[in-house]
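Every chain is named by a letter (A, B, C, D, E and F) in the order it is written, and numbering of its residues begins at 1.
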Amino acid sequence: MRILWNEATSGPPEMAPVWQALREYFPRVARPDTEVVLRHLPVSGNYVRSLYTELLNNRAVVENAIAAEREGFDAVVLGCWADPLWEAREVVDIPVVGIGEAAMLLATTLGYKFAVITVAPGVVPTIALDLRLYGLEDRAISRPVRSLDPPSDLGLLVESVTNPERLLSNFERVARQCIADGAEVIVVGCGYYGPILTLHGYHEVPGTGVPVVDCSAAGLKLAEALVDLRRSTGLRKSTALFFRSPPREVLDRVRRAHGLEGTSGAP
Amino acid sequence: MRILWNEATSGPPEMAPVWQALREYFPRVARPDTEVVLRHLPVSGNYVRSLYTELLNNRAVVENAIAAEREGFDAVVLGCWADPLWEAREVVDIPVVGIGEAAMLLATTLGYKFAVITVAPGVVPTIALDLRLYGLEDRAISRPVRSLDPPSDLGLLVESVTNPERLLSNFERVARQCIADGAEVIVVGCGYYGPILTLHGYHEVPGTGVPVVDCSAAGLKLAEALVDLRRSTGLRKSTALFFRSPPREVLDRVRRAHGLEGTSGAP
Amino acid sequence: MRILWNEATSGPPEMAPVWQALREYFPRVARPDTEVVLRHLPVSGNYVRSLYTELLNNRAVVENAIAAEREGFDAVVLGCWADPLWEAREVVDIPVVGIGEAAMLLATTLGYKFAVITVAPGVVPTIALDLRLYGLEDRAISRPVRSLDPPSDLGLLVESVTNPERLLSNFERVARQCIADGAEVIVVGCGYYGPILTLHGYHEVPGTGVPVVDCSAAGLKLAEALVDLRRSTGLRKSTALFFRSPPREVLDRVRRAHGLEGTSGAP
Amino acid sequence: MRILWNEATSGPPEMAPVWQALREYFPRVARPDTEVVLRHLPVSGNYVRSLYTELLNNRAVVENAIAAEREGFDAVVLGCWADPLWEAREVVDIPVVGIGEAAMLLATTLGYKFAVITVAPGVVPTIALDLRLYGLEDRAISRPVRSLDPPSDLGLLVESVTNPERLLSNFERVARQCIADGAEVIVVGCGYYGPILTLHGYHEVPGTGVPVVDCSAAGLKLAEALVDLRRSTGLRKSTALFFRSPPREVLDRVRRAHGLEGTSGAP
Amino acid sequence: MRILWNEATSGPPEMAPVWQALREYFPRVARPDTEVVLRHLPVSGNYVRSLYTELLNNRAVVENAIAAEREGFDAVVLGCWADPLWEAREVVDIPVVGIGEAAMLLATTLGYKFAVITVAPGVVPTIALDLRLYGLEDRAISRPVRSLDPPSDLGLLVESVTNPERLLSNFERVARQCIADGAEVIVVGCGYYGPILTLHGYHEVPGTGVPVVDCSAAGLKLAEALVDLRRSTGLRKSTALFFRSPPREVLDRVRRAHGLEGTSGAP
Amino acid sequence: MRILWNEATSGPPEMAPVWQALREYFPRVARPDTEVVLRHLPVSGNYVRSLYTELLNNRAVVENAIAAEREGFDAVVLGCWADPLWEAREVVDIPVVGIGEAAMLLATTLGYKFAVITVAPGVVPTIALDLRLYGLEDRAISRPVRSLDPPSDLGLLVESVTNPERLLSNFERVARQCIADGAEVIVVGCGYYGPILTLHGYHEVPGTGVPVVDCSAAGLKLAEALVDLRRSTGLRKSTALFFRSPPREVLDRVRRAHGLEGTSGAP
């Protein structure tokens, strides 16, 4: 199967080591018959740490999802926690997976209470609101979303691809606070650090029995499962209420008004 | 005080009777010293009945909010339930009011359980998710957001400005079902029908003692209150976590990447 | 408009500086066309720090609300968190505002999670139960109501009118604990300290971006808004279930049995 | 043991058949070594179907509880759902039992979801708020408190003492609606009808397997249990926060201000 | 009345001091006319600190409950928090009491928020899940179930029968943390330590006003109350949904398949 | 990979068409490299429609899970909603999947609100309690678990393998009630009917846009994903609290006491 992996930035060259790492990562986590195509956004502010900057970014993210469907991809994974999962799911008929949703659902099968550790305080509201909308608060600890402290920056990110020491000491300090507050599972709240930790073979907070969920791997597995189920059982998203697309002609009209190609990929 | 009223469409001429009605309406509901400036969006698909079409619309809505601050307005009211309340609040320092939030908060002071009646099934998810994020589910009935049935269309909307009979019979049929399910207050889930009902003097489901909350009036009153409080007590939004704006230079950089004027109005 | 401000004590002379401060305060917070009339109770134990002592006090509070309606006031504000909001709202037709309800609703528009700081441990249960009944627990931090420590006493109260230093160091110590536990907004849980802080220009926990909500100002603004809405749109409380008054003849009979003037003000 | 049964009216003579029934009832439900003393209020409006009329009544109810402690009773049962349970519990050290709380707690041991059927719509808010404060909403059906329809009146009440037919057809019609909505247990929401149904041997909605909980019996059993536990294990109410009495001297001062005997019974 | 007290182990001789203590305990807590028969399990792993080992144990526990009914006991108390309360209640018609359920329900009448202190981390999940299923989370503190630290072992248990010093210092250290987190009542989360503390006259965390609930006493009192109510009012469990027994012939067939005596005691 | 599929009965011959159907089904739903081994229980009452009969059954189910691990299976799927998911997960280190948990988690990605339709009223409590423990109530409709009506029996089950007409008319009648109550997704609450519907190509309630989730397919996909993740990222269950196995020597001792082979498969 072919899966489009939507990366939520324009792919700035200073992050090249991360893109390289992701390209190494996908074949290690995907099934042999799964091809993962990494695609950046044509335009992006490359900053998802606020509700507003996400809003600006989200338009291009959904465009990628619509394009994926038109190009015959079997599924699309929105590769950032801040991505517009429900908006994309609404207008696209192929499976649309959010790595945050996938990771949190998976976490509930590994222990009773989970926590999410993300990269910066500015991402906390996004994830906290998603957690609430997903209805999973009872399975998370109090103050369920916490940030690396100090927050991640480009330096830490690129450095961690090859040398995770500074990342790990930061991550584990926060993780141990979560564990003290009742967390049995830690979810990595970032589509880059999940793969980076996996590439370094890191999957448990040492000595605690607490697994660390790589959100990107969780998202990829959910995408594969949804494609399988669609093929084998015909299962699709509900079009009854929340994820019902507007009529095609409305969609096309609205998109044209916003300067977007008039024909959406929705069936 | 001067309040910018953001209207969530491009102001299509076929809705001219509605714009005229709103212009009559504001002075009837605003305080004498409040000037309400109605402003449409420069670009809009004029369709808010889906999560996706809202996403496309929301960019321009926040632009209006940013412009309002720069132009010296005292507050901005987002005049549609589907508007990006928290995104705008994040990047703007003056009070930003959502008519849905305002109306539902107000409703909790008028009775114990409320319900929202909106214009079409496609708007239900937006409002239902907001209701959940606002934490007000315990104050609303089960299945708290319901739609006019049949849904509203342009014909009903324009007709209702002068003749509300068809609207009222539709609205009251749904309202009485809500009341049978425990609603003590009905909130009008549309920034047009709220004012239209008010202009017709309609404020209670006849014979039931159940008040009907005009969401636009609620929003305007909250805006006035927030401006008053800012002037008299200095009260502003929190910048501690959810509504904290990114740093100015980040905001400007992100906006430029998206083709928006480089200097935001945020302080 | 004319608003009766019900003060929940008999107005003991040793608190004269507070009464004087309130009289200075109202015109600063109210709109120019709003007249606020401060009225004490004819009889009071002057102690609201227990569920039981409130019960004794509440009879006179509702009498004041009934009298306000009969005397033609446009609204009544119950000026203490411990006041019988729903009981008064039930039997009075003009808007009845509780400063606690008003402040907590307002707080939800300024940040995601709020906390309340009140004057003494004995007031915590009252406010905590109200918070629960208002359905706002999801918008407040864990252990959402906390007390000044050491508790306030007459000395601190009167001193703070002119010199708030001791109050502020106490208040901020508690506030910073709330902020560490996730609070983005602090609500002042006392109808005296709210105005006192406002008169001293205090509206934010310094250096935190966390606003401090003066509950009395919030209550006054809600009262003004409700009066406006009643005049401009006809909006009134629901009489469907929770706030439905008993029939007038029953009310009169019951009141006479309790030695109260036989004719209530309820319409 | 000796238990004071606080009856929430002044004991009007037209209800004499009810008082007689209660006097027959207590020895049938109480343990042989339990003496139940029925005591009316010296003053009452004899109407508990509103939050406000209860407020007026509650003062005398707590006086009875305080008197019970002073007179050496082992416990006091507040014999009406509308009684001020927490206020009384706060200032009295002997066990204070509410029949509503007792019945709803008991109901949770008999099935998963319960419903309460009370006498009139005006009592619904009181019980619904108590249910919420007791934290038992998850164990009750949606719209958990319902009313006899038509509401009970004096005629039905007195008639039911000797002839329950009209009561039963009304009660069962409502009960079957509750059962259709998921109720596995029905709690009788009235301190008179509970005993009357018991005296008639009625304890299950016929043919449904759904037990009917006599709230008064539940309250009496909880009182006996609490007295037992106090004697055998020393168990008492918590004085840590919610049920902590104000200091004695404060209590006496407040009570005197309200014209009540200066010395409370609290230790 | 005669009550079977199901003890959840095979009664290993090294715990003889505990069995002796229980036998002294029952008459001190039970009513004079109540006979409590202590019965161990014929087979047990004598380890309830895991969901799995409980599962193995639970079969014999329900057998004891079925036998109790057949032998004419009036009620059965499951004497361990880990016991299969709802499974037993389903197939037995006499009252079946769980000491955990009884203690937590009772605790809600003594203060607003309770906590449970149990013997070891392995028991925490069992109790936490029960607390959630009972719907009582809102009446308990955050992280409501905590363990003695270090965990209890046989040495501590037997020693505490005669000398509770080491137990108390451990228990109180945990209890004071619970109190700091808002607990107003502490429930002893173990059917042995409850009685042991009672035998030592311990019923309050010293100096805090926080009562300590002996779960076994709570269970015994609930059993007595349920037997009383069944006799005086006819009240039984609901057979409507959750606690409805399979048909007798099915039950017998299933039991025979599992090598159990073919005739259950269920009516 | 090799997955053990635990079937929750002894495999009675009268159900042979079902076993045959399952054997046809697995290769259609599993990935080509997944081998699914169907295994019945050595002893079973073949009745899971009660909490008690499940308890009897669960011992053998966990034995199968333990055996699966010892025999080198990569994962075990508990093929019935009534299976002891957490007990098995606790003592087994390989992934243990419950079809109910898997299906309900999956359902949350397909629409906002789901409902479960199961085979008989006696299964409703099991599923309802699981739904509550999984923390998913906010994503399900009110009264989220409903039964075929009339309930399924052997005749309907076997008939449906070849002719699903009678099943479908029953299922759809209930499904449409769920949809009327807000369900956007229907989960098949039975490990037999899920596959049977899939084999008949049934995956949507006709004309509604509401997908029907085959729980068994969902379970199989989750098992494959967990095995993948364990291999590629090292991810395992948490051993921090809820799913922590007792020490090996304890486990062996307990199992021997219950007549089970002394050496468990847990590491």
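Operating definition for what follows: a contact is a pair of C-beta atoms (placed from the backbone, for glycine too) under 8 Å apart; a residue touches a chain by one contact, two chains touch by 3 or more.
Quick caveat: nothing in here was measured; it's all calculated off a predicted structure.
A.B. asks: Any chains in contact with both chain A and chain D?
C.D. replies: Output, common partners of chain A and chain D: B, C, E, F.
A.B. asks: Select the interface copy of D-E from among A-E, A-B or B-C: the correct pair shares over half of its contact pairs, counted by residue number.
C.D. replies: From the options A-E, A-B or B-C, the copy of D-E is B-C.
A.B. asks: Chain B and chain C share one sequence, so how far apart are they rotationally when you fit their Cα atoms? Give it in degrees, rounded to a multiple of 5.
C.D. replies: Superposing chain B on chain C takes a rotation of 180 degrees, nearest 5.
A.B. asks: Of all the other chains, whose mean CA position lies farthest from chain E?
C.D. replies: Greatest centre separation from chain E goes to chain B.
A.B. asks: Can you give the whole-Å distance between the Cα centres of chain D and chain F?
C.D. replies: 45
A.B. asks: What whole-Å value do you get for the distance between chain A and chain F if each is reduced to the mean of its CA atoms?
C.D. replies: Chain centres of chain A and chain F, defined by C-alpha means, are spaced 28 Å apart.
A.B. asks: Mark out which residues of chain A touch at least two other chains, giving numbers and ranges.
C.D. replies: 112, 125, 142, 182, 241-242, 244
A.B. asks: Edges wherever two chains touch, nodes for the chains themselves; is that graph a line, a ring, a star, complete, or other here?
C.D. replies: other
A.B. asks: Which chain pairs here would you call touching?
C.D. replies: Between chains, contact exists in these pairs: A-B, A-C, A-E, A-F, B-C, B-D, B-F, C-D, C-E, D-E, D-F, E-F.
A.B. asks: Can you check the complex and tell me which residues of chain E touch chain F?
C.D. replies: 10, 43-47, 49-56, 58-59, 62, 84, 86-88, 90-91, 121-122, 124-125, 129, 132-133, 241-242, 244-246, 250-251, 253-255, 257-260
A.B. asks: Which positions of chain A touch chain F when the two form their complex?
C.D. replies: 28-29, 31, 97, 101-102, 105-106, 108-112, 134-139, 179, 182-185, 198, 201, 203-204, 208-214, 217-218, 221-222, 224-226, 228-229, 232-244
A.B. asks: Could you pull out which chain B residues touch chain F in their complex?
C.D. replies: Result: residues 125, 128, 142-143 of chain B touch chain F.
A.B. asks: Give every residue of chain C touching chain A within the complex, in rising order.
C.D. replies: 112, 142, 181-182
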